[in-house]
Amino acid sequence: MKRVDLILSERELDAVLKAVDAAGAPGYSVIKHVTGKGPHGWVSDAMDFSGLGANAHVIVFCEAGILPKLREGIQPLLDYYGGVAYVADAEPL
Amino acid sequence: MKRVDLILSERELDAVLKAVDAAGAPGYSVIKHVTGKGPHGWVSDAMDFSGLGANAHVIVFCEAGILPKLREGIQPLLDYYGGVAYVADAEPL
Amino acid sequence: MKRVDLILSERELDAVLKAVDAAGAPGYSVIKHVTGKGPHGWVSDAMDFSGLGANAHVIVFCEAGILPKLREGIQPLLDYYGGVAYVADAEPL
Amino acid sequence: MDSSLILQNLLSPPVLFFFLGVIAVLVGSDLEIPSPLPKLFSLYLLLAIGFKGGLELQHSGLGGQVLPTIGAAVAMSLVVPLYSFLVLKTRFDGFNAAAIAATYGSISAVTFITAESFLETQKLPFDGFMVAALALMESPAIIVGLLLVTLAAPQKRPGAAGMRWGAVLREACLNSSVFLLVGSLVIGLLVAAYSPAGIVKMEPFSDKLFYGALSFFLLDMGIVAAQRIRDLRQAGAFLIAFSVLMPLFNALVGVLLARGLGLGPGNALLFVVLCASASYIAVPAAMRMTVPEANPSLYISSALGVTFPFNIIVGIPLYMVLVNAVLPAAP
Amino acid sequence: MDSSLILQNLLSPPVLFFFLGVIAVLVGSDLEIPSPLPKLFSLYLLLAIGFKGGLELQHSGLGGQVLPTIGAAVAMSLVVPLYSFLVLKTRFDGFNAAAIAATYGSISAVTFITAESFLETQKLPFDGFMVAALALMESPAIIVGLLLVTLAAPQKRPGAAGMRWGAVLREACLNSSVFLLVGSLVIGLLVAAYSPAGIVKMEPFSDKLFYGALSFFLLDMGIVAAQRIRDLRQAGAFLIAFSVLMPLFNALVGVLLARGLGLGPGNALLFVVLCASASYIAVPAAMRMTVPEANPSLYISSALGVTFPFNIIVGIPLYMVLVNAVLPAAP
Amino acid sequence: MDSSLILQNLLSPPVLFFFLGVIAVLVGSDLEIPSPLPKLFSLYLLLAIGFKGGLELQHSGLGGQVLPTIGAAVAMSLVVPLYSFLVLKTRFDGFNAAAIAATYGSISAVTFITAESFLETQKLPFDGFMVAALALMESPAIIVGLLLVTLAAPQKRPGAAGMRWGAVLREACLNSSVFLLVGSLVIGLLVAAYSPAGIVKMEPFSDKLFYGALSFFLLDMGIVAAQRIRDLRQAGAFLIAFSVLMPLFNALVGVLLARGLGLGPGNALLFVVLCASASYIAVPAAMRMTVPEANPSLYISSALGVTFPFNIIVGIPLYMVLVNAVLPAAP
């Protein structure tokens, strides 16, 4: 099994989750209010009141087989809006 | 060393943490207000006001040796109430 | 690529992030309001109103090459104030 | 008079803000009241309603209609789940039938509060002991629900290790909303009796702010209820019909009881609302923990997505009409 | 009179709490108002200002100056981005120029609210329809901004798959602040017309608490604005100058329009403030989603780090002086 | 009179809600006030108490008893940690002794506020300058605590790279609670002097709401304090005894000083409460950062789990009795 970690702006979360669903992942978990720093600079939650939001962290445990479809759906979003996506191995407890 | 990720309903958090402790883990970390989707459907935090709560994400760094006891304590809870548990390798920095 | 997970008190977060930056990491993500248990006992968010805060979880995706510098900057902080740091493998999606 | 009552209710701030929340979801606005702000308002409303109820209960005492009314309310919270279960069992398994039944035996504090606000604009008096009835109807319904589960499906539950009854009873009687409501009621009682200076000093917080805070909270309830509409497809026509017809039936039973108890129109309306409303705060949380086999989207959607809006929008004025029709005319 | 007006404004609680927030950041205090508490106050302020505006609009009706004023306000929100864009295009690429331009065409509800509080302490009347103008200036500016992007840089956008116009329009017209403001305005209108009992009951929440809640929120705005000061170095002298001079220019245009519309001094000040203020709530959120190529720290820092403090601290009393100078003396 | 004062205090809404929170933990209810809602109330209480203190300070000026009283308060915050340290050092290492000592030299704003509410129900006047004393007692105690650490255990600290004194002083003097309290006090002063219109407009927020918000916050404090009870076993009998006896001793010193200063009974009670209370807001946060070697559960549990409840429940009326006994009878 694989573990995929996606970190991206809360504004694009819906689109990314749609792509995760479409790729056939059996489930996912979402942590909001994540702050951070990346190539596009610093993201804080100080502007939260404005609806601008901070980042979200999405965790997906899935079979290696769906990774290509996941990549296909998510990579364009990350390229355009920013964010990172990493894969690692994980086994059911 | 191993890294264990547990994602489950906040309502069952106390029971799961008790099992983690009982298994002899040296520590754990808990993130609440996690939303997500799994075999039992979508979990949001919109009902938070009712005490229904969302999901919690528990991270445990521990020796491989305690995994069997961890599995034994946690698997029945996940089977009955829902939730996922995955293991991966991790080394101290 | 490597994935580094740091869990430590919110009070020391600024110093740790400075060390992460100084080590040349390309970015990082921070989750606050993490509770947990470790060698120093239980950390809850019940004292949040007092500015005491809970723990923070920092995730860094970076090249293996910067690990030594990261270790050098962070280990003294964790030794003095408490907290854990683990490394695992991760590949871009 | 009927349609004017409905219109007056529809055009009151709390109900209009409820609509605004519903519309936000329907048109796809990103309006949301992020967690834990709704919790702030729900804690506040429970504290304030309990405190005010306690103040009034101290004045009215426990004589007269008080104990019979509370007894009748508790009886309803025990009986409604039983006949609801029989109806629901025709379509659902024992777990879901019991969970939904418990939901309808219990009450919705927000519906009750909205009914109080409605009575205030109608200048109809009501008594503090009705809050005691409210507080005492939640736990029995939860316990009946769990008894129904053990009766209907005892053998199929490998995970429920001996049905930890201690935990179950604690959840039923000490869950945060029951606890805060009862606790604030007792505090109100004590303050009214022993430190009247505290009454005036609490008033701007617990009384003056109340209506606005209710309106704000109903904005969120509108959003949350409308988000449940999607789940209703899964629930099916039978459950949707149940969620409207069962409250109407319970209201009918309630109004007859209110007449028998000799309640005035204000208390009678509140009594009917207690019978007709369904819990979406304490009961779902208790059922999620104690009957994980039941599908939460069924019992939450029916109580929050159908019964609650129905009661808030047309139920309350409708029950008022009913009360006026059934109760003997005032002398 | 001039300097006394500025001093009076400087020493009012809301502005002083704004300063306190700024100082907290400058001296390195760890004072912060954690998320989502600022959201609670911003939701509250929008709800309350909309509701009060609706109540007043019901009394004034849509006759007289109402429609021309609203029309002029909307026209300003369409025109300001156009000439702002031309100025900004001399230094920034099309994406950044368009995003900043939209920001200045739109409005800052908090600046407007602070101006209302200023008028109240000056005992100058103003009308509810100005809130309608406020509500209607946000969306057009966003749409003009996006048109400018497509005109200025249509070919360079591989990622903007066909510029999902549906999503863009929804974001422009139904984003949470516009939606809540317009919704509360309509609710205020309906309540004033049909259930006047609700007005008095809402008052402690929507009216009495308003000034204190504004002060508390401005404490946070001071913190957030001061945190932006660091970004200003990145923004550069040109953008800083723009963030002060463009509001002044828009204020001049605004005061002439106000004279032409025959507005009284209270409404005229609010009109000028609408023209002179820049959005840091709805527009950044919309731009982040629809023009990710633009750098948020540019448009947020200029609107929130420069223009907003400028307007709050010296702008409002300055515009009052301007209004008094340009408007014909009252008969 | 004694027991009636204690009863009146016990049965006031703030203390009853504190009890309710304690009971919630003891019986195992899941009642909780989720983060960051308690922060909202603590920020609000500090802002409101500072603002009101500033308004009153402007009227009383800095003459008469003001400066001597403030001086005596600051002196107590310097001296109390010293003798506390000597007592604590008999059982604890230097780090823990210093951290606990600093805690008792500093003050508890919530205890002070509860004492003010108690005085109001007793119709006893008190002055705004006591809030200035409150604000100025926090930082010295922190600094003395850190000096004690460096004196008692300088060589054992490999991690404390040169005791970053800059950071330590900033934490001591600019931590959010001291900063907000002092800032709001100054704002109150300025508003009272220069924009009296602002006083009336702030009142519903900063004054009327105060008592209810205090009650709500004490509900949470009851929960948090009761959760600390478990830690007390770890703390041991010596520390528990210290947490009751040291406040009593400090109260004795305080009442004699109050007599010497010629304070009236209201101010005297507040002075005694400042001496007798222990910090669980600013000091723990500062100690966690600057003396990580000390065990937080020791200094937090003693201040929050023992001294705070003791003061709130029996301390305040007891100190009132003491004040009445020691102060010369009013002419």
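Read from first to last, the chains carry the letters A, B, C, D, E and F; within each, the first residue is number 1.
The rule we apply is simple: a contact is a pair of C-beta atoms (placed from the backbone, for glycine too) under 8 Å apart; a residue touches a chain by one contact, two chains touch by 3 or more.
Since the model is a prediction, treat every value here as computed from it, not as a measurement.
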item	value
Given subunit D and subunit E, the chains that contact each of them	F
Reference subunit A; chain at largest CA-centroid distance	F
Maximum centroid distance from subunit B, chain identifier (CA atoms)	E
Interface with more contacting C-beta pairs, comparing A-E to E-F	E-F
Inter-centroid spacing, subunit C versus subunit A (mean Cα positions, whole Å)	20
Whole-Å gap separating subunit C and subunit D, where each centre is the average of the chain's CA atoms	45
Between subunit C and subunit F, centroid-to-centroid distance (C-alpha), Å	33
Interchain centroid distance [CA atoms averaged], subunit A/subunit D, Å	39
Of all residues in subunit F, the ones touching two or more other chains	30, 34-36, 39-40, 175-176, 204, 208-209
Touching two or more other chains - residue numbers and ranges from subunit A	31, 33, 48, 51, 88-89
Pairs of chains, among all present, that meet the touch criterion	A-B, A-C, A-E, B-C, B-D, C-F, D-E, D-F, E-F
Complex contacts: residues of subunit D adjacent to subunit F	36, 39-40, 43-44, 47, 51, 170-171, 174-176, 179-180, 183-184, 187, 190-191, 194-195, 197-198, 201-202, 204-206, 208-209
Subunit D partner contacts - residues on subunit B that touch it in the complex	9, 11-12, 33, 41, 44-53, 76, 79-82
List of subunit F residues in touch with subunit C within their complex	35-36, 38-39, 41-42, 158-160, 175-177, 220, 223-224, 227, 280-282, 284-285, 288-289, 292, 295-297, 300
Parts of subunit B lying in touch with subunit C, wherever the complex brings them together	1, 3, 21, 26-33, 59, 61, 88-93
Residue ranges of subunit A touching subunit C (in the complex, touch as defined)	4-7, 31, 33-39, 55, 57, 67, 70-71, 74-75, 84-89
